[in-house]
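Look for subunit A in each of the two complexes below; its partner is subunit B in the first and subunit C in the second.
This part shows the complex of A and B:
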């Protein structure tokens, strides 16, 4: 197997997790017009959630995603009522500042509890080897879990009444309310789902790499890039854009130093913003 | 009675200043949080053990007085900005008499700017980068062997085992590791090795997949590099989980920590250039023997000492020796005593360059190579494998 192919497979696997992380940001941004700056700190909370649960219940770590998703939903409702509900409909700057404040509170509390020292979830799944290259079981399981969660969200949004209500509110809030949909409940639900997705992506990352309470910031930045690539409010688009970003990283790293990757990613971010302001998938299907 | 008050006060004051020990304040920062936490806290434990033993013995005796050691320290969060603020605070507000360095070359370089500005002596430990000593500093004294020497022993050893090895350098993009790797690359080429791959990674890197794929593609057989504990342990874990076909792995700093054993099979075979190991039996002219130090440390902290711990303790010893030689705590006199220092403690020889172009650089201390091996019972232990005269076990090569 060539180095480039191996690198692209690695990129594809981690890209799925980027996609899952971005889905939460994209959903909240698309439905509520809120740029959720608690995203990174919630990803970090997901990491620590996995760490704590795995320490208490040393089973297959990926089974622990279910309680983390449930806890994420509850946390999302709490954050929504504390900081988001009151600024819905106001300028984006209000929600930006409001969620930023909550983000700083989470990081402050997290630092007090766990410090900023690195933690690990010591769980390993057997991978497979092709030639000199080995793909770890954890990467494969994390990517698979990310795809399953993304598909479940897609089914929820398109096949269930609450999901359809979320899409209706995203499309036209006033019209949805005229049809009897409680936009407040729907917005709270959408925010909670976005937070649960962010927490679950953090939980998946924790099975791959060491982390600190500050580790979410990097994934938040990648989530912005993926969201801009995919366009707002498109969960499967976010997953696809995440995979695309991972593949891009995998394709270029054999030729350049890894430390140049952020430059390429954010260069792409600017290009997409200018050339495809509604995202590359929106443009393709328009 | 009022007329007697002043004479009584003076007598009591005289009694206090001559009959009881005075306090000597040592200031430093510790990375209680952040990426440097593991190594920095081990260094702190070395400082603390030295302080406790000196104070238990009545303090440092100089010029007919006894000085009890008291520490003032803060958490620098592994952050250079904090170091700059906190060393100013240690000098200006806390009135530290002497300073120890923070852990790591980059934090120390920042602290050195402040300590030199205020003409305060700082013994640097856990900081091997040598460039700081070429800047014309007068009050900076280095305990660690400089970075340029770190990987030379590994390459010499490799030359005897496998002169056709293909070498990959994968290292943290930080002042210490760059100062180690750049001269090592030149030395590797001088020895005739094929340097098949070389890349620095950002200090906060957690995903090494892309770099590991490149190492495999380069067909390197030996990996040298790393940086500090957080990145080094992550790199070793991922090299192991990706089953990279390497015959030898040498990483800076991280494998010296007793915590390294917690990596399990990923730890096996990894080599660390070490400033000190418990097996290195230097005949101490001053202070405890290596065995005494290791025993006291293990009893206090319930873990064996790393070389960061030994460096911390030895910094205290060397400062104590200099104060005793100076017979004073006056900065100029102690600096002169440090300039004249040439002693062997349990940690090895300590001698500082006095030339203006490298003042304070460590020129007396030598390093060893330690490798994590499994003993007969299957327990992971660190063995000294180089130089051959100091070895406690044979080098395991190749590791797989």
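This part shows the complex of A and C:
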């Protein structure tokens, strides 16, 4: 019994990292109605960003999140100008395909540089032991960092002028423009924040598990699952749904073979998508 | 009438040439090149039914090809069915699966549907990788004696080649047939404005589920033939996400919504890919180039090559559909 509990606590910690990744996707989706298919490759870039930075500056890996967040913001602006800016207002198909094209390019360049062999960030924090179970310091630190970033985003969106502008544009772009908000600037900012969140979640994952340039795809799918569970444009909801997914993974892991987990997750994803298109936290309205 | 359409005859001539030239020259390497081109055309044409005609992006189109391969190989090797029969049965089974699935996930619109198709692909892949009768993650092999029944491996390979060319021609004819039918008009209405289509009396749920199922049939048949020819199948090659995505690139490149565009994009992209893969300098950058190509087409030429041709020569619309 305590085995399940330990596994669930571990799931909860990892789940908050899933939640952080999903927040990035959810923010972009909610604000500009763009499904950002570069999400997975940016998560992978975050992992390799952490790998490179940690190799250059072997300090506490969690301090390195700050430069990664900053680099993520810049990368987000670049990706926005390359692929999203031109298709805002066109059909969703266009942005789906254009972000996907950038995804292919990032993965292609990444494969050429790092091949598809696994890497890891060799950094461990000491954890603590309860009975037969050990909770590693990395899991706890990563979960804490994810929650702090999530709260910071929530504060930014609700307490600062640019954050309020983002929410205004998400609600009604035309009305926001009439109020003097430059929607292009706001969209670019929101996209950059979304990408920075994805990169930072990748950086956190890299301190937990080994990774390859293709690892991002799995986390992208998890982000979709979480976003769809939470409903759009609810950052804290995404965090909660991420934790829920982590708990679920933790709860089933002791009972079934690991190879079945993708089937459960993606099956759940399709079912939730069909049954609750507005997320499980929203009451269905007719 | 489909027989009055010049494109119909062009398709037949094109397919006949593709079948005849390598056979006449007895050129095996040309045959292997062309079978990949034919496969690309099959995938792009059938994907076109969803993306180009109905306006629904299917990221997981390859799931039909892979499942077809599995069902076909299972029937042909474990159950010892005749190859053609096994391939047709595979097509039928996969179409029915798609119909049932489509009834569920086609309630989703636009991007939500696109996401669900990724989920379906990954769920099916992980199911097959755990499914005992189909060899789990190691997959299945075709016993060499299976080729003997078709008159030896050499003969069997040429036969599958002709069959794949036939499936390619059928794919294009199917696209043309749907395009000029009333059913096709219903699909175009859904693409342009689904709510308006409902108001005008198009039963959108049924139309969408049918086209989803139809777009599964020929890729599944092709999957059964191709994997039989290759002699083996496993979950990672059967459900290769990359190939699914490249199908979209092919379609956008040639011009979505047109019969010739889908085929043209498929053929050109396949040629480009084999060139990139064999060139020593560029082999690492295949994805980058494909991505850049897709981005340029999406941003600057949403109509693809055929759309560009239409703008250049407006009268071409009448002949090249």
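Here is the rule we use: the second predicted complex is superposed on the first by the 282 of 286 C-alpha atoms of A that agree within 3 Å, B and C clash if a C-alpha of one lies under 4 Å from a C-alpha of the other, contacts with A are read in each partner's own complex, and residues count from 1 in each chain.
Note that in this section contacts are C-beta pairs under 8 Å (C-beta built on N, C-alpha and C of every residue); 3 or more make two chains touch, one makes a residue touch a chain.
Source: prediction; values computed, not measured.
Overlay on subunit A: subunit B and subunit C fit together in the combined arrangement. Contacts of A:35 after superposition on the shared chain: subunit C is touched, whereas subunit B is not. Look at A:228: by the touch rule set out above, it reaches subunit C but stays clear of subunit B. Once the two complexes are overlaid on the shared chain, A:100 sits against subunit C while remaining clear of subunit B. Of the two partner chains, subunit C is the only one touched by A:108; subunit B is not. Contact with subunit B, but none with subunit C, is seen for A:127 once the two complexes are overlaid on the shared chain. Of the two partner chains placed around the shared chain by superposition, subunit B and subunit C are both touched by A:257. In the superposition on chain A, contact is made by A:116 with subunit B only, not with subunit C. Once chain A of one complex is fitted onto chain A of the other, the partner contacts of A:56 are absent, as it touches neither subunit B nor subunit C. Of the two partner chains placed by superposition, only subunit C is touched by A:83; subunit B is not. Once both structures are fitted on chain A, no C-alpha atom of subunit B lies closer than 6 Å to one of subunit C. Overlap of the subunit B and subunit C interfaces on subunit A comprises residues 111, 257, 259. On the side of subunit A, the complex with subunit B involves touching residues 2-3, 6-7, 10-11, 14, 111, 115-118, 124, 127, 129, 132-134, 136, 138-139, 208-211, 215, 218, 249-250, 253-254, 257-259, 261. Subunit B meets subunit A in the complex at residues 32-35, 37-38, 77-78, 173, 199-202, 204-207, 209-211, 213-214, 216-217, 230, 233-234, 241-245.
Across the interface of their complex, subunit A is touched by residues 51, 55, 57, 104-105, 107-108, 110-112, 114-116, 118-120, 122-123, 125-127, 129-130, 137, 241, 245, 248, 252, 284-295, 298-299, 302 of subunit C. Across the interface of their complex, subunit C is touched by residues 35, 82-83, 86-87, 92-94, 96-98, 100-105, 107-109, 111-112, 217, 221, 224-225, 228, 257, 259-260, 262-263, 266-267, 269-270, 273-274, 277 of subunit A.
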